[in-house]
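Chains: A, B, C and D, in written order; residue numbering restarts at 1 for each.
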Amino acid sequence: MLEALKAEVYQANLELPDRGLIKYTWGNVSAFDSESQLFVIKPSGVDYDEMKPEDMVVCNLDCEVVEGDLRPSSDMPTHAVLYKKFGDIGSVVHTHSPWATTWAQSGLAVPAMGTTHADTFYGDIPCARFLTTEEINKNYEYETGNVIVETFDEKGINPQEVPAVLLHGHAPFIWGESCDKAVMNAVVLEEICKMNIFTRQLNPFAETLPKAILDKHFERKHGKNAYYGQQ
Amino acid sequence: MLEALKAEVYQANLELPDRGLIKYTWGNVSAFDSESQLFVIKPSGVDYDEMKPEDMVVCNLDCEVVEGDLRPSSDMPTHAVLYKKFGDIGSVVHTHSPWATTWAQSGLAVPAMGTTHADTFYGDIPCARFLTTEEINKNYEYETGNVIVETFDEKGINPQEVPAVLLHGHAPFIWGESCDKAVMNAVVLEEICKMNIFTRQLNPFAETLPKAILDKHFERKHGKNAYYGQQ
Amino acid sequence: MLEALKAEVYQANLELPDRGLIKYTWGNVSAFDSESQLFVIKPSGVDYDEMKPEDMVVCNLDCEVVEGDLRPSSDMPTHAVLYKKFGDIGSVVHTHSPWATTWAQSGLAVPAMGTTHADTFYGDIPCARFLTTEEINKNYEYETGNVIVETFDEKGINPQEVPAVLLHGHAPFIWGESCDKAVMNAVVLEEICKMNIFTRQLNPFAETLPKAILDKHFERKHGKNAYYGQQ
Amino acid sequence: MLEALKAEVYQANLELPDRGLIKYTWGNVSAFDSESQLFVIKPSGVDYDEMKPEDMVVCNLDCEVVEGDLRPSSDMPTHAVLYKKFGDIGSVVHTHSPWATTWAQSGLAVPAMGTTHADTFYGDIPCARFLTTEEINKNYEYETGNVIVETFDEKGINPQEVPAVLLHGHAPFIWGESCDKAVMNAVVLEEICKMNIFTRQLNPFAETLPKAILDKHFERKHGKNAYYGQQ
């Protein structure tokens, strides 16, 4: 089942090391099929050289494996929560890409310092709090999803407009309408995390992007007035 | 029309990711034909793997498409203004290369700290101001060009001697007599932006290059007394 | 003798430059055969392009060459001490990878700032003290091994739980159950050393990982309750 | 004449971009033939893709071209002075490698912070002063050589023991007994310049390497008691 989506998810997972976002198997990509309400995700800890499209695992929103001989990524429940709660998301990506992980370790939100940010993210990328010991011991990966959702709720951020989050002491989760888009958003996040560290060092008083430019760049690529690209 | 120039512009655009200046389609190169007063530019948001030389778009200095089935780069009007106002420029490049973009985000000019800088840029590389909300809402990309020209005018900088600018909160624009030269200038800019951040960190009191060395190195490669290279 | 292990050690040594951990011949990998109580190590200073599996040198725990036409790595005695004292170790790796070496030069332990660390290292990665002049002049490489063992003893760290050490003013040693695992641990160390430098710069008050998350991530991949991967 | 040496110099020049030490043609390697007292150097500003071994230029110690259709590197007189004054040097390398250039821009000597340094450089790598305006206007490249020699003389540094120098506001010159060795020394310099910047940032109070370890590591690889490698 979902063979085309499996092929897409497989390819997107291979893209993570190719784009310098992960080493070894330190990441995972999934994609959601809205018709069947199922999602396809990478198996846990399988060497990318040996992994095949048919190894992808099919799961439902209750975190159950529906099809597949291998265990799904241990982060599978986090993906499930995001598909369930964030509505119209086609793909979720998790990496330990170094610059985004550095921000996650610092516990700080990534401010919008430039148009590279504004082209993809409409405002700050939040950093979710540490999980409590109770949450960790209950169902760690599932609670991780809940803490992400809580973060967006409390801060009133629209996950369609800011398709990424940092987990304090951990690493980023990123999403998008398709695998390609979600991986691209992960690349953008990594790039702006790198640039923003050094922007702050170069000029500790550097201003964040004026609202009018933030609006302009986000709207150039998103929504009904978008005019970037071929349509 | 302008088939040779289209091939050149096509190649120069492919060079941007190869030289680590951009990811995905986050940049564009154009080239100017002084005889016809037209310029050739990359189409907007087309995947580099699928892009062909004949996809390049021909525009005039009034920002009109003269030939081409695809939309030109959304930054096209900025290119038009630079060709119109800066006189003898053969090619314009725009990238979001990370170190130059970091300086652009910091809002600071790039000082001449070494001969790597002086070999290409005769003095500070300026950072243009944020556009006003009015300018953003009028014709963003066209006004971006105007702000660049204003910067060079106000500071009395000769764009032939300093072939690059940073846009505050955005990224660099770079130019040169040919596509090859403009791309090379973009590489030099990226390299000195990287080195200068760390020069400052290593020694906050590091002196800028003495005027006599700046002159020497710029003149070694430019003007009638140049003696670098084979002629 | 030990032909299969020689092939493994040979491959692992080639992996060091491929993974960006070393330049030229600035590193070495060995592997231990518990049955014969012998270990196989790279020869000293041989160009990787010319090195062959049969060039690997077989040594015993008394630092004697048992088989091989070439001199073993000059760091051989350090490997011998680690196999002798740390019990169940299958492979030892030495690199001068830049970020880990930067921490070694700084003389500081690497704190657990995130789950990338916790997935592999259960707590701080210690930095061993400088050798005394006497130790240096006695048997430098052997005493280096002793100082590593002393460090783990004094701090009460289990080398199975923290499979790496920094040598002050020198570089890291890393180990693992197999060559593959030891090289992977060297990659993790390099990555966290890079991220932790910038985490501190971004937020000097960044908290280390809460104990409950450290436990969770280490136990996800190690011990009887591990549930990462396919078994 | 000197065809074998030309081939060696040609190869060493190609190695500079391959090892990430230069971009475009921003560097040069030469090699000295002690019998004829001539040296072979790269031509000025020739694209590496088009350059051939027979394009290498032969010069004498009076900075005259003895053979070759192309102009020699504009830095040729600096090379000549080093061969003339530093005695037993087989090859000279000039690069604008980013981390070494960053130190050169900062005007600071590179301290010996670790054994990666001590394996190649016996103590601080000095930074030569800015040239005076008079020196710049007289014979810039020749005077650059003189200032390097002056630096080693005044500080009492043996150029055989510290085979590199930084030029303030410019970049490094590196040398060695052969092209291979000089390029390798350039790689070591680049690596330690990178690591030392971050060592200082990580721990501003980081100690330089104790004298006994500096001695040990330098002597492990140099002089009559060397025991690294296969002889």
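Note that a contact is a pair of C-beta atoms (placed from the backbone, for glycine too) under 8 Å apart; a residue touches a chain by one contact, two chains touch by 3 or more.
Which protein is which chain? UniProt says A, B, C, D = L-ribulose-5-phosphate 4-epimerase.
Computed from a prediction, not measured in an experiment: that's the story for all the values here.
Chemist: Same or different interface residues for subunit A and subunit B, judged by whether over half of the residue numbers are used by both?
Modeler: Both copies, subunit A as well as subunit B, present different residues to each other, with under half of the numbers appearing on both sides.
Chemist: Report back the single chain whose CA centre is most distant from the CA centre of subunit C.
Modeler: Computed centres place B farthest from subunit C.
Chemist: Nearest whole angstrom, what separates the Cα centre of subunit B from the Cα centre of subunit D?
Modeler: Averaging C-alpha atoms per chain gives centres 33 Å apart.
Chemist: How many angstrom lie between the centres of subunit A and subunit D, each centre taken as the mean Cα position?
Modeler: Computed from C-alpha means, the inter-chain centre distance equals 46 Å.
Chemist: Please list all residues of subunit D that touch 2 or more other chains.
Modeler: Residues 201 of subunit D each touch two or more of the other chains.
Chemist: For this entry, which pairs of chains touch?
Modeler: Pairs of chains that touch one another: A-B, A-C, B-D, C-D.
Chemist: Where on subunit B does subunit A make contact in their complex?
Modeler: 23-24, 26, 43-46, 70-71, 74, 96, 98-99, 101-108, 130-131, 133, 136-137, 140, 169-171, 197, 200-201
Chemist: Quick check on the complex: what are the subunit D residues that touch subunit C?
Modeler: Within the complex, subunit D touches subunit C at residues 19, 113-116, 184, 187, 191, 194-196, 198-199, 201-203, 206-207, 209-210, 212-213, 216, 220, 227-230.
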